[in-house]
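What follows is a structure written as structure tokens; I'll ask about it next.
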Amino acid sequence: MEQFVQQVINGVSLGAIYALIALGYTMVYGILRLINFAHGDVYMVGAFAGYYCFHWFYGGANYGLAGLLAALAFAMAVCGLLGYVIERFAYSRLRKAARLNALITAIGISLLLENLGQLIFGADPKDFPAFVERTTITVGIVTISNIQLIVLITTVVLTLGLQYIVHRTKMGTAMRAVSFSHDAAGLMGINIGRVISFTFVLGSMLAAAAGILVGLYNPKIEPLMGIMPGLKAFVAAVLGGIGNIPGAILGGLIMGVAETFTVGYLSSTYRDAITFVILVAVLLFRPTGLLGTPQRTKF
Amino acid sequence: MNQKAVPVLDIDNVCLSFGGLRAIKNVTLRVGDRELVGLIGPNGAGKTTVFNLTTGVYAPDEGRIALKGETISGLRPHIINRRGIARTFQNIRLWGELTVIDNVRAALARTTTLPLWQAVMRTRRNTQFEKDLTERARALLANFDLVRFEDERARNLPYGEQRRLEIARALATDPALLLLDEPAAGMNTGEKTHLMDLIQRLQQDRHISVLLIEHDMKVVMGICERVAVLDYGEKIAEGRPEEIQKDPRVIEAYLGAPTH
Amino acid sequence: MWLGVYLVILLGIGQFLIPQMNPYHVQILIFIGINITLAVSLNLVLGMAGQFSIGHAGFMALGAYTSAALSHYVFEPAISSWMGSSVAYGIAQNAAFAASLLSGGLMAALAGLAVGIPTLRLRGDYLAIATLGMGEIIRVIILNTEFVGAARGFTDIPRWTSFTWVFFVTGVCVLLVRNLIGSASGRALVAVREDEDAAAAMGIDTTYFKVLAFVIGAFFAGMAGGLQAHYIQYLHTNSFTFLRSIEIVVFVVLGGSGSITGSIVAATVLTILPEFLRVAQSWRMVIYSALLVVMMLTRPQGLMGGNEFKWRWFLRRKTA
């Protein structure tokens, strides 16, 4: 029993990270109907931003929680900028283009980021700085590490922040309007370009946070680290209902738990396979996702 | 209304909802042999939805649709077409990259496609098949005065010609019932007169029934024998064109309630 | 008829010209042939039928592993043990190879059927992800199969691929796709691509045609995989990842989806190009992906823009 609960905690921590990345996918899809393949690589850049922040700005010194928060802010800024640039120079031109072209461009940018990363950062894995000393806390039958706590708390805070933005600010309302209909929103006087950029920046910032958190969790980082988590987060977004924000969170948590359980109870070779199984199952049986409403498309 | 034994099209008490929205409520409509029936109503009344139900895009939640007595509701669209219903679309939906003659040939061939290997190996049977197909396609195009555009990509055709091509293509599937969705939209008076002649000729020469959605009242009054009126998904009136024109419920649906 | 002439020419080149050539160049030619087969087969699905299939490498892998397993475990031991003279051996080898390749292709085609029927209900992006997922699932299944080497890879595959073989398969593929597109079925496919709902409304069984294109595409991908396996003589699932699928998609899109000549040209150029960029090895992938993005932004319709090469183009200028 304790193993079970422990696995759940591990799964939820992992799932929280997937959720953060999935949010970016879902928001961009909701607003552009585009699968931003490059999103996983933005997450990778976030991790590296944290790494370089530590080595360049802190000079290798450990500033504890405060240092972590500053690094987080730095990474989010960097990735926000990256997201903005990608959208501005590539995706904005493809808004009216055929879907396949946008898809391929996204893949191209993903490859570009990965290969540039290998070139600039070097392909070999680096050690992500341990901003905080690892300790564990035992509560009753379960052990939770302080890293996991940080992950969970950060995710909750960021998610609440996102909810606030989406539901209580003018920009958030604009985002929701644009995801409903570009034309209608435009006619209402909303500056679509700005809303789209904002969405990208927001999503990228969340991915950056995920990158930092993963760095704390699994200290090895390398330029191709974004591929699998990106894919898993994407499946999470689809699972929850792509375009649906609470869905992304739910999907992320489920993916995290499913993966942890598969590794724990089945075998670690199937760790990645479970992702695809879930993906195909969702697409075949409930393509609109768990929280998406099965739509009868009007002709 | 002439009704030989079984009506060609029998839409019987059909209902359809989209999520929570009831789009079609208890609609009953019959089209007899060689009848030309009009379907009118304000925008959003559900006219195209009735077409979609008839052609199998949606299956009704309640009720039944039958073609010449046989139930077709719930069947897949291409099966329904092969049973004998063809349609045109409100927004022209030609196969843009295909040539004019290919649009017709593709519709002609759908039930008489040769086994694949013959096509691939370019056998003599295949060559003959293609020749026949082309001749029949040309004959059809000639009826619509489109032969000169034969090798043009459908997307390059002028608007009026595209509309005619869509009708030609629908006819290529040899239907017993033809559904025309706003065929006169965007046409000038001359073109409309031509269209009206065309539809009437088709109906008589080819022994087909026609159900026509139209907003232009001159067209409706000019050629329809009977008219049904839809408003908010319900049939509110049915009768001869002259009767419908004077029906207060119809006027209210289009113009709003009279304010006394 | 024509195919026979083509085969004779190939045999001629294979027997006389190839042995004279620099083996490095021959290798490039072989890879060009394999890539053309892959590109044209995907073009049928992606460009002509308009289905977003981006898991093509999965079918390639199935074909590769199936044919390799057959050759390695069944055919090679069989013929090397009871074939005496080299002529008989040669014939037996080619026959065995044909059987292996076809089995690989059929296996891939079967998978195409199994994958196609449920997933081709989906449209657009959803189909893309589904095919991507399927491709990966196939890869992971192979990765966990012991008797084909699992994670270690599959070695000791007999080297039966030759220039003649490769280009024969390529020729068949191109001819078949070309004839298919020009036929009534081809028009039906394009109708499905242009407007699937209108096609259904005109009596075309859209599912049948989508699955048909998918299965044929998968078959040739499997054949290509088999050819590759019997050339490199080593297989590992790492060669059949999503990245490989994307490479093939790039061939199709860059050449102009829907254009057979486009696919041929793109596959050829993009097979040769990395060889020239060998100099800047580390920059190679960066340039490649940057090129891809730029291409998508500036000329998304690809090189041919959906048109085929026509001899007419040259004639027009002469009469001017």
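By letter and in written order, the chains are A, B and C; residue numbering begins at 1 in each of them.
What we mean here is this: a residue touches a chain if its C-beta (ideal position, glycine included) is under 8 Å from a C-beta of that chain, and two chains touch if they have at least 3 such contacts.
Small disclaimer: the values here were computed from a predicted structure and weren't measured.
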Label of the chain whose CA centroid is most distant from the centroid of subunit B: A
Chain closest to the assembly centre - both centres taken as Cα means: C
Chain centre separation (subunit A, subunit C; CA means) in Å: 34
Geometric centre distance via CA averages, subunit C-subunit B, whole Å: 42
Gap in Å, rounded to a whole number, between the CA centres of subunit B and subunit A: 48
Touching two or more other chains - residue numbers and ranges from subunit B: 57
Interface hub residues of subunit A, defined as touching at least two other chains: 299
Sequence positions of subunit C contacting 2 or more other chains: 197
Subunit A to subunit C touching residues, read off their complex: 33, 35, 90, 93-94, 97-101, 103-105, 107-109, 111-112, 115-116, 118-119, 234-235, 238, 269-270, 272-273, 276-277, 279-280, 283-284, 287, 299
List of subunit C residues in touch with subunit A within their complex: 46, 52, 54, 118-119, 122, 124-126, 128-130, 133-134, 136-137, 140, 143-144, 197, 243, 246, 249-250, 253, 257, 282-283, 285-286, 288-290, 292-293, 296-297, 300
Sites on subunit B touched by subunit C in the complex: 55-57, 76-78, 81-82, 86-87, 89, 93-98, 102-103, 105-107, 109-111, 113-114, 116, 119-122, 126, 129-130, 133, 169-170, 172-173
Subunit B contact footprint on subunit C (complex, rising order): 176, 179-180, 183-188, 190-191, 193-195, 197-206, 212, 258, 306
